[in-house]
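Each of the next two complexes has chain A plus one more chain, namely chain B in the first and chain C in the second.
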Partner chain A sequence: MNAIGWPSWRRLNQEGIVFAIAILLFAAAALGLPGFLTADNLVAIVRSVSVLGILALGMAVVIIGRGIDLSAVAIMAMSVAWYLQLLNTGTSDGLAFAYVLAGVLAIGLLNGFLVAYADVPAIFVTLATGSFVFGYVRSQLITQDAVPVPGGHWVELLGGLRFLDIPVEVFVFAGLAFLFFLFLRYTKWGRYIYFAGDNPVAARNIGVPVRPMLVLRYVLSAFVALIAGLLTAASLHSINTRIVNSTLLYDIVLVAVIGGIGLSGGRGGVRNVLVGAALIGILLNAMTIIDIPLLYQNLIKAAILLGAIIVDGIINPRDEQTAQQGDI
Partner chain B sequence: MTFRERLQAWRYNLVPDHLVGEILTKRWTDNAIPFLALMATLGVFGSIIPGFFKLTSLQESTRQLGEFSLVVIGMTVVMLGGGIDLSVGSIFALSCFSAVYVFFILEQSIWLALAAALCTGLVFGAINGYLVGYLRLRAFLTTLVTFIFGRALFDILVTTYAADVQLSQASSDVLDFIGDGTFWGLSVSVWLAIILAIVTHVALTRSRPGWHVLAVGGSRRSAHNAGLRVRRTVFMTYVFSGFCASIGGFLIACRLSGAGPGTGLNLEIMALTAAVVGGVSLGGGRGSVVKGLMGAIIVLTMTNGLIRLGYGTGTNQMVLGIMLAVAVTVDIRWLKNRHKVLNEVYVAPVYLKMGETQSAAPGSATPYELDNRLSGADHIGLGELEGPEDVILDRDDHLYCGTRHGEIVRFFAPDYKRSEVFAHIGGFPLGLAFDKAGNLISCVGAMGLYSVSPERDVKRLSAETARSWTSIVDDARLRDPNDCDIAPDGRIYFTDSTKRYDAHDWALDSIENRATGRLLVYDPKDGSTNTLLDGYRYTNGVCMAHDGKSLFFAESWACRVHRYWLEGPKAGTAECVIRDMPGYPDNINRASDGNYWMAWLGMRTPSFDLSLRHPDMRKRMTRRLPQDEWLFPNINTGGVVKFNEKGGIVETLGDLSGNAHPMVTSMREHKGYLFVGGILNNRIGRYKIAGADPNWTSPASYWGGKP
Partner chain C sequence: MRLLRTLMAAAAVLAVTAFVAPTFAADDPGPAAYAKSLNGKRVMLVPLAMGFDLAQGWAHYLKKEVEAWGGTFETRDPNWVVDAGAQAITDAIASDTRPDVLIIHAPDLNSYSKLMKKAQAAGTYVLLVDNPANFPADAFVGSDWDKLGQLEAEAAIKGCGETSSKKIGLVQGDQANSSSLYQYAGIMKVLEKHPDFQVVAKPDSNWDATTSRNVTTTMLQQHPDVCSIIDFWDGDATGASAAIRDAKLDGKVFLVTTGGGEKAADCDKLNDGTYGAVVMTDLARQSGDMNAIIKFLLQSGQPAGTSHTYIYTLEKATTKADLKPDSCWDLKELQAEAAAK
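Then we have the complex of A and B:
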């Protein structure tokens, strides 16, 4: 295999490297930071990365199919904000949820349609729809930045739900991760995503329904964002729409990319998301314990993401002869 | 004429459908959409916001527009080079902070503050450029990350130094002037934006580095293979973008005398939207500074207008999102489908009812009756030639013809077995004629009128005439020069068959049937070209009458021959001498008995004649059917017709076998023989004319005996 200069898996496995770094970091934090290796803190770590991880699962599916979804955070926050606003203004729960589901479905379909059938680059489509979703919901549908969960509602109850002292979102994350694993690994549609991500033209030529599958991925990502939003609202008892303008979106990309899901598509899986989420969870937790201000945390995360992209660029180089025109 | 036909005639002959296609061929249609959007935006907001166009209000918004335009110019250049720069907002903010820090906290001069701002922008731009240009990272994600990085850095710096800036006592007249003053009614930022826009425009359109940027954006691979320094060019575009953003940052530092957490917020999506709305293409190569500026005005008017109309938080982002999505989609779809749309709408057939004709069928006993005489012609150059549209013989009996390969071939007398390439023209030589000095004059398809001297020097005589005032597509250029002949005074009369199609698309012109053929004259004395007649359906062959006082020219798709008077009471006018022939006329030449030879390139068919009365059907046909299933003139049968001075038909020669000369585009009589050529044929025929003068030659007929 190496005779013809192929990269050796053993040598250049990003997932392995990141996993090793995560373990080293974990060990270092366990030894160096007081209060890190307590049950409460470990649960807190897992809990803090649960929402991030769920969003990263949706993002991973899109990235594996050679796309990106920059509207995920906007959908997550704004759909739930609208839902809670509807509840607070007296709409019945079923009707409100139906509205929100329809809205989320519409945005997912719009993203998918513009990418698949209008051939617009995913990055611009989702940037635009993300901006639109935030702007539309914020200016037309809700009245203030933060919308509280109405008392006694199931979303509030969800936040308090625990099994074995572990919050419910951890189970949701685990369950979703398992479902995505099954979907990506064992279903026909899951395999199609890899084919389309690796080589869309070839996939189309062998008869894979590339365009409908593209739409499916964006719809999937939108629904995953809704679930993540509900969990966020459950644990915080409200949803703050300012989260859209925070760096959460880049954390999601960071989790996916750092876990080893190549941005050029066709590679990676659920395990990469778990590894990426573990590293970022430990990192964030450690930084919080060390008491690094949030602004500096952003700086550090941006630096790490930049490093990850550079490494990704070196491992998956593009050259002048094979690069696609307009592939930015 | 039935009512339905009359309606069709009005609909298709009076409505200028063809203009739509001609407008779409223009590059400026790319600018039209953003320009209309700009006008609409200004109109709408100008009318619903009171005082929108007032000077004070304009001055405040133009100040902002100047800063924003600077950023957009940088973004435009990056996008033209095939990249994208999302970090402009961060660069803008950091440069603003640098200027503020140097001026207010270090209390240095304003010029040092400017230098600090520029330095920040250049360094930040260089980092982007290095990552994207040299490391070949994805522009979008990379600049997104550097944007977060820059933003985080800016937030830290602003929170740290905000109080110090507030307490600073530093002030400067220069700063106040840059921030508040005006120069000839315009603020400094607007002046800077104008200057930078002009410089950038000139650089992009007229300098080597600018062309390199466009080349890299247009096709990175081709630019790389052509030896351009692609990576350095990409690097420089990001540095330039950083430079532009930093000037903008410096200006806002002067205007606000400080930096706040809101500085440069959402600037990247605004600048991106502006560039795309203006029509700068994603993926590079197409766009201009002017387009970027149009987009900047649209976006800023929209966002500011909405704020002034009192819409709440988030409206801006909603509007930006919609604008970006629509603009990007339109841009992508337009680029992809423009040529398809053009193909769909370009062919705009007109209505024509052809007159009843006499039959040309063998045995019909009409003067047009075709026989089988041409099938017995000897062949010259069989299999060596491709497309001898016209043939001509010189005083030494050598035979010349043009070929599809862009050459004029000479066959040597007396047996015409040997040949040589007489001259290489480069285009398809069609009509041929010898002038008095023995120069071979040729109409070259899609190129113009050329002259080849006996020493084989090729010279272009004419490639354009005066442009008509109502033309949309430049009709000065000769698109399909077809045949020429020379008057006794040396002036060259020639035809340009159509303004709508290039020479090889003659079949489309026959389907459209629009009358755009011209008769032109080239005057060798002063080298001028003038249009004599316009508005014929495919002008084709030209031939001087024997007395040199008039000329005949063929109008192919109308199956007519006209006579144009050069002298006498009717000078300068044309009259139709033969109408409603059963065949489509091509070249016309003199015959030895005082009559004229005329080639038929094909025969009319009842089906095509009928289709000419159904322009809607022909339009659908060109849109929906593949080209080889189109109905168009039958060119499988042609012939040679002899007519007299009055336009009466003398006789008709044909080839019923279809083997030797199915389609005839020219014939030339020489010493008792008729030499026959065809544009789709692979030979020249030589046919012995019974009873013809064995000494008559064409050069002698035109220019007298051997000198």
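Then we have the complex of A and C:
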């Protein structure tokens, strides 16, 4: 498999397997489920995974650079909760937004700095900052789990935005996916991420600014989380910080990894996120139409994911040549 | 003359009574016994989390009362994490300042059963609030969820009307929490009596608003003629309402839910038409019930775990038509009151 280019179809990789499963599921649902293959439902599928996909884009960039950002969901929920709380208590919109932007930037920088310069493993750093962000904002800055959007505020209007009857988050997801694609594929710093993820020492030896770029990735991930949070609040007219306790974080990692972005870094791209998100979206939608209880939905989801990983393990066995140091 | 004598006699009796009365009051054994049994007693509330309206309301009303009779009131915040709640209960039982009354908001039917047994064995009265559990607590105070589900179903049927499609959608919580399971049972009981009404879909929201939105969107696309949706909690019904809004079916789908009767969460949303009906818990009264049973248990002298009382809160389906200024309680006001102290 070539690292970032188009897949070679002669050799089926995980992305290919997952894509095939997604197509099969789609075909089966389109044939078997009335109302699945309608424009409205297809839009609903994309929309249901938009926020997840946006977060997965941020996660993908971090993972490709051989890191992981477990603070993404905490940043997403808490930054927006704080923003809305400030608005509800009378802070002017500009000032409130400036505070929140500064806060998000600070957490991104802190994540990046601790990973890049203090050499603490990313998994511990972001786990800790995520807990810190949640704990601090929840206990010091907001009074309740759920913070409503003030009536008539632009966040509320954003949620009602439609182009051609398609909700705004679908466009934001598509736009961000395109931007990330351009960044990863055509910019120098984008290419460097692959070098750094594949072999940080070698990348450093050829003069890639490995550490500043590491910081950049965590800042990027934090900003993407803020956007995802704003879109969530826009749609629901409130944000519930309880989402930090949900399985959303694992779903984000899942979307990235199931799509074929290796946790060992250096491999994958935006297309993998789209494939992963498509599988999850189709799966959840079909199961909801069939009215399968949530417990079984989780079981089926887990079984399919496990199946994809096992098949990948059989088709692409790990050996000394393919295994990398730092593989999780 | 006789009348005058009678009057004078009456006046004399009155005077004597008036003179004696204060001595009577001083001898009333009530206050002393009350103070003796209650003074310095510890009450601890362990809700699912402290960050939502119900828990904050209970804590407000309980604290006021407990501190008034000279007890101490504490809360623990497991923040929706079952393990953290178990840890909090374990620590509380083992600590030197073991609470005399433990009020537990159980996350499911079984998780805390062993711990509650331990608490009772140590001499702590255990009260279950809101969510029933498979455990003979000293008292259960909260909703009869089966009845609550029946009220929701009746409101939905009424909201649909006789000329409607008679299709109802449910957005359940999950398949583990007693409040979700019993609510479902109650709804189905009523719908059995109305065979012309059918449930077209019954997905779970897992109490999450985004999931509620996604499943409701799918439900409305599959069955655009649904006349009513019952979402099992106002905490995630914002998602179902967003889906209805997005599908441009406002006013056509009658959304029924249940909640603690907080103003911003329930009454405001009834008022603006987001919800058609909310089965609301009278939180102040529910807290009052808890206070009464706490005071009774502490004075009763009976060992913990010997009595099992169920005190169900009066529930009512409220619609916009029967909203009154005092239908809801205002969390913001309570917070302002607490901040002012």
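Keep this in mind: the second predicted complex is superposed on the first by the 284 of 328 C-alpha atoms of A that agree within 3 Å, B and C clash if a C-alpha of one lies under 4 Å from a C-alpha of the other, contacts with A are read in each partner's own complex, and residues count from 1 in each chain.
We adopt the following convention: a contact is a pair of C-beta atoms (placed from the backbone, for glycine too) under 8 Å apart; a residue touches a chain by one contact, two chains touch by 3 or more.
This structure is a prediction, so every number in the text was calculated from the model and none was measured.
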{"item": "Chain B versus chain C as contact partner of A:138, first or second or both or neither", "value": "both"}
{"item": "Which superposed partner A:309 touches (first chain B, second chain C, both, neither)", "value": "first"}
{"item": "Which superposed partner A:263 touches (first chain B, second chain C, both, neither)", "value": "first"}
{"item": "Touching partner for A:91 - first (chain B), second (chain C), both, neither", "value": "neither"}
{"item": "Which superposed partner A:114 touches (first chain B, second chain C, both, neither)", "value": "first"}
{"item": "Partner chain(s) touched by A:199 [first = chain B, second = chain C, both, neither]", "value": "neither"}
{"item": "Which of chain B and chain C A:232 touches, first, second, both or neither", "value": "second"}
{"item": "Touching partner for A:291 - first (chain B), second (chain C), both, neither", "value": "second"}
{"item": "Residue contacts on chain A - larger count, chain B or chain C", "value": "B"}
{"item": "Doubly contacted chain A residues - partners chain C and chain B", "value": "138, 145, 295"}
{"item": "List of chain C residues in touch with chain A within their complex", "value": "49, 51-53, 56, 79-81, 174-175, 201-204, 206-210, 213-215, 217-219, 221-222, 235, 238-239, 242, 245-246, 264, 331, 335"}
{"item": "In the complex, chain A residues that touch chain C", "value": "34-35, 38, 40-41, 44, 47-48, 51, 138, 143-146, 148, 159-160, 167, 232, 235-238, 240-243, 245-246, 284-285, 288-289, 291, 293-295"}
{"item": "Residue numbers on chain A that touch chain B, as the complex places them", "value": "68, 114, 118-121, 123-125, 127-140, 145, 247, 250, 253, 263, 295-296, 298-299, 301-303, 305-306, 309-310, 313-314, 317-321, 323, 325-328"}
{"item": "Chain B to chain A touching residues, read off their complex", "value": "82-84, 131, 135-142, 144-146, 148-149, 151-153, 155-156, 159, 219-221, 224-225, 230, 269, 272, 276, 282-284, 311-322, 324-325, 328-329, 332-333, 336"}
